[in-house]
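The structure follows.
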Amino acid sequence: MTADAPAGAAAFSKNEMMIVAAARELAGQRVCFVGVGLPNIAVNLAQRTVAPELELVYEAGVFGARPARLPLSIGDPTIVTGATAVTSMFELFSFYLQGGLIDVGFLGAAQIDPFGNINTTVIGPYAEPVTRLPGSGGACEIAINARQVFVIMRQSKRSFVESIDFRTSAGNLGGAEQSERIRREQGWLGRGPSVVVTDLGIWHFGEDGEMRLDSLHPGATLDEVRATVGWEPKVADSLGTTEAPTAEELRLIREELDPGGAYTR
Amino acid sequence: MPGSKVASMRDAVAALVRDGDTVAIEGFTHLIGFAAGHEIIRQRKRDLTLARLTPDLIYDQMIAAGVARKLIFSWLGNPGVGGLGAIRRRAEPATSGEGRDLPRLELEEYSHFGMVGRYTAGAANLPFYPLRSYFETDLPKANPLIREIESPYGDGVVYAVPPLKPDVSIVHAQRADANGNTQVWGLLGCQKEAAFAADRVIVVVEELVPEDVVRADPNRTIIPGLIVDAVVVEPFGAHPSYVQGAYDRDNRFYLEWDAITRDEPSLQAWLGEWVYGLDGRAAYVEKLGAERIASLRPGSAPSGSVEYGRYE
Amino acid sequence: MPGSKVASMRDAVAALVRDGDTVAIEGFTHLIGFAAGHEIIRQRKRDLTLARLTPDLIYDQMIAAGVARKLIFSWLGNPGVGGLGAIRRRAEPATSGEGRDLPRLELEEYSHFGMVGRYTAGAANLPFYPLRSYFETDLPKANPLIREIESPYGDGVVYAVPPLKPDVSIVHAQRADANGNTQVWGLLGCQKEAAFAADRVIVVVEELVPEDVVRADPNRTIIPGLIVDAVVVEPFGAHPSYVQGAYDRDNRFYLEWDAITRDEPSLQAWLGEWVYGLDGRAAYVEKLGAERIASLRPGSAPSGSVEYGRYE
Amino acid sequence: MTADAPAGAAAFSKNEMMIVAAARELAGQRVCFVGVGLPNIAVNLAQRTVAPELELVYEAGVFGARPARLPLSIGDPTIVTGATAVTSMFELFSFYLQGGLIDVGFLGAAQIDPFGNINTTVIGPYAEPVTRLPGSGGACEIAINARQVFVIMRQSKRSFVESIDFRTSAGNLGGAEQSERIRREQGWLGRGPSVVVTDLGIWHFGEDGEMRLDSLHPGATLDEVRATVGWEPKVADSLGTTEAPTAEELRLIREELDPGGAYTR
């Protein structure tokens, strides 16, 4: 699944591009709540590249992790040894997340709608599901309490849908106006989703609260994007091309972070 | 002080886990009580309500074995690997043809913070725990026990979850003394809250230590013997999960589980070989083999000692 | 990681404590921030609202010095010894003739658990904290911020307290690194909650340690540098209270305070000699004398070390 | 202030008698919440005599204290070193006290009424007090959540009053009937006050919820009791005499627990 790389650049997979693009979005961020899976490798890459001062918070109860290896799960012992602080989950969720200390929360999604609302609970009706998904975990509270939310997921007609089957985590609700009103009225700390990084490109959220494709990954096409989105997607007037992964980014992923290729294949 | 609470896993489970109980085996990736779960399977307990933030492999195994009728949880999966087949087959009745004859598993679903809040309310004898979560989601519709509550200071609404008071909580830990005073380091999850919330508590430890060891560092104690009913000494009892400082997570097993859990016969065969076919954790460890175990031992990273001072 | 936050007490208090602030100096008998309180007096801060479960000697001194207009508390006294004269003279206007010209101190009163709940709600961004207290007492009448709240599960009423979010919390601790990652053992009080609830945090430590020392034992960290604005290194800065493992409570001083605080002139004379007349804690320690300090050193009672394991 | 001792017995002070009587009431109890002052020495004596398995809980956050010396305050470092567990006050109050693990809570009082309701807040009106007292501390929650409450205090017309100026901590309210109804309706864990130990005698609470003098300390008289109680006190038909402190009890107090005489003089 190697993408068509520009001539002269190293070949890279779509997953590698997705991880690198997500990591770069973390430039300038301070405190990041790390989710299971792809966010895990993206934030570890960011800490080694664009955001050396990034503090990693794991919902398992760790602040300031310095994983000596890529954590195999979000509760890996390597996130504990050498960390700044280990705390109960009660305190992690109460004081760090709900208390407003998290700049970026990372979420994955089985389904996402144009306004960044997320489903990770069920496909089909809740009582008689076609597919039972993992559920919220900490996602629904991260969506509300982290200052902003990054989403990382692959695009497909099944995942990018006009209407999600179950709203597990709030995004921009029915649009920016409603979202801003409700967030203000209910005192949410979070401003909501700010970026969706996929295997094909990078989406940000426009003033209307709907996601807009701002950058296509090298080798990806608008036709591919339209074929993997369940609505007529908004595309930036000045659609850019994501810079391909650098040799150093690829080296970090392949040699240091994921030599077994668990995340990148 | 009170006498020893040290018991075998068999005796502790036989005496303290009863059919129909609500059982919480907590431990967030760290210190998951596999040895206790297997003993519950072997003793063919029935109609349990199983509570746990992350019903992962251990609850998949227990539910495949038919011990449970209901699951209370917040995230259902094999983290970073895939799904849990036994649970899924009992929760997707509409589609899974092969699961049609399996008993339907009742699900009661929260978020992580919601589950932590439930244990906290249970431990603190509060009628509810308030949190800023669930706003504008479908979760309160799916679970009517998630309710709105208005601030008495006129500044809006938050959500509440009800207390969860397990009949039995089972906690795996690095060490305890014979009276059940239990110490943990590394990830603490919500074991303390789950233990204080429970009517009965089983502590399973890697190492039994003299009372003096606990009393030398009282800030590390997460559970006092006061609320502990049995102390089971079961080294390697958290495998394939891990114990900070003692052994690593056996990731190979988590990856292998993805294939085992995919169909009911392979899962039942695994239970036969690794649970029903063994009489306890010592046999399991022997079957795993010394080499596998040695491969999971970490290098050393000592905490260092601090000074409490002698005040006489 | 971020640069050093180490500052002198003078600079930290000058930059971070502002007239009119709500200031919490917490520490329940253990780790009371006397050095910080004295610096606030020396800098003649005004109109502070002082919060603390147990406004003991340090707040009696600060209130005598005129820094505060209001006190938020749960137990007012010199524990085991007697009263606090400066506070009393400003809170009993009806009778204390000598206090008639002193400014009246506003009191806002809770119970211990109420105060702890207030900090917890402040730290967790909750609009209230629920607790089983205050039933059938006069406290909710005396303080209308203590309010009833009904359980959304139809099982009755409990009480609520509102969040407390100090402008500044000051915490004394055994050790921190230059970035403010702070470790405490022994009594923890509610310093963690008070720090997370605050807008600004000053940590005062007996010892500045390299980051590695903190990272070797992350379970001992109660406050992350993330929320800390200044780290002040001030050995013996909690005297006459104590620091577990470092020095004992100087009980002689607590007994002596009973006489000092009994009338305003003797108290003001004491402030002149021990606060205004000294330029900081180092001079205070020197004035106390080496013998007095040596007499407060405890014997040794090490915690022992635990193994975190190296996972690479 | 030596009481008239029976012939042949050692002389002892009224405070010593009060401490010994309170300690003896702890026989058979398991978990005791220790207050500042006299309760502190009484429970430490009980642990060395009638209740060797007594677990001491200090509101400062200590469970299973084994003080090597008599603690100078309820937050003394000697209650930490060698204890079973040290915890935050949040957890102490939430899980131990409110969670229902405390068998006996000890309270002192500036004023107490016949039904064991307690004032430690103000003498006079709240807004314009004649005497400002310390306030509740943990008392109002101990009164509700500890399974039973012991009170230890000296008797006087000023402290044993028909009507207290401020109710800081709930006792038997207006009597047993009301107290039981409210405790049941509101789900209190505590059954309320069960004993008041004074410098003159031992009071228990009768079926009507009012305190009744069950035992006079050696040397104390009913006249003295009546002169120090602000209502017509109930006296047990079979009024007993408290057994004088034994030589061993006095030795423990004088040599081990309070050689400086801080509590006993």
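The chains carry the letters A, B, C and D, assigned in the order they are written, with residues numbered from 1 in each.
FYI, a contact is a pair of C-beta atoms (placed from the backbone, for glycine too) under 8 Å apart; a residue touches a chain by one contact, two chains touch by 3 or more.
Quick caveat, the model's predicted, so the values are computed rather than measured.
Asker: Across the interfaces A-C and C-D, which one involves more C-beta pairs in contact?
Answerer: C-D
Asker: Can you work out the whole-Å distance between the CA centroids of chain B and chain C?
Answerer: A distance of 38 Å separates the two centres.
Asker: Taking each chain's centre as its mean C-alpha position, how far apart are chain A and chain C in Å?
Answerer: Distance between chain centres: 41 Å.
Asker: With chain centres defined as C-alpha means, what is the inter-centre distance between chain A and chain B in Å?
Answerer: 28
Asker: Residues touching two or more other chains, restricted to chain C: which are they?
Answerer: As it turns out, chain C has residues touching two or more other chains at 120, 125-126, 131-132, 155-156, 185-186, 188, 192-193, 216, 219, 244, 248, 298, 301, 308-312.
Asker: Touching two or more other chains, which residues of chain A qualify?
Answerer: 62, 76-77, 80-82, 86-87, 94, 98, 145
Asker: Which word fits the touch map of the chains here: line, ring, star, complete or other?
Answerer: Graph shape here is other: it fits none of the named patterns.
Asker: Run through the chains and report each pair that touches.
Answerer: Final set of chain pairs in contact is A-B, A-C, B-C, B-D, C-D.
Asker: Quick check: in the complex, which residue numbers of chain D touch chain C?
Answerer: 36-37, 40, 59-62, 72-77, 80-82, 86-90, 93, 97-98, 121, 124, 126, 128-141, 144-145, 166-170, 173, 182, 185-188, 262
Asker: Contact residues on chain C for chain D in the complex?
Answerer: 28-30, 53-54, 73-77, 79-80, 87-88, 91-95, 109-113, 116-117, 120, 131-139, 141-142, 155-157, 185-190, 192-193, 242, 244, 248-249, 251, 254, 298, 301
Asker: Could you pull out which chain A residues touch chain C in their complex?
Answerer: 31, 53, 55, 62-64, 66, 68-69, 76-78, 80-87, 91, 94-95, 98-101, 145, 189
Asker: State the interface residues of chain B toward chain C in the complex, per the touch definition above.
Answerer: So the residues of chain B touching chain C come out as 125-128, 130-132, 145, 147-149, 151-153, 155-156, 158, 160, 162, 174, 185-186, 188, 213, 216-217, 219-220, 244-246, 248, 298-312.
Asker: Considering the complex alone, what residue numbers of chain C touch chain A?
Answerer: Against chain A, the touching part of chain C is residues 1-2, 120, 123-126, 181, 192-193, 196, 214-216, 218-219, 221-222, 224-227, 308-312.
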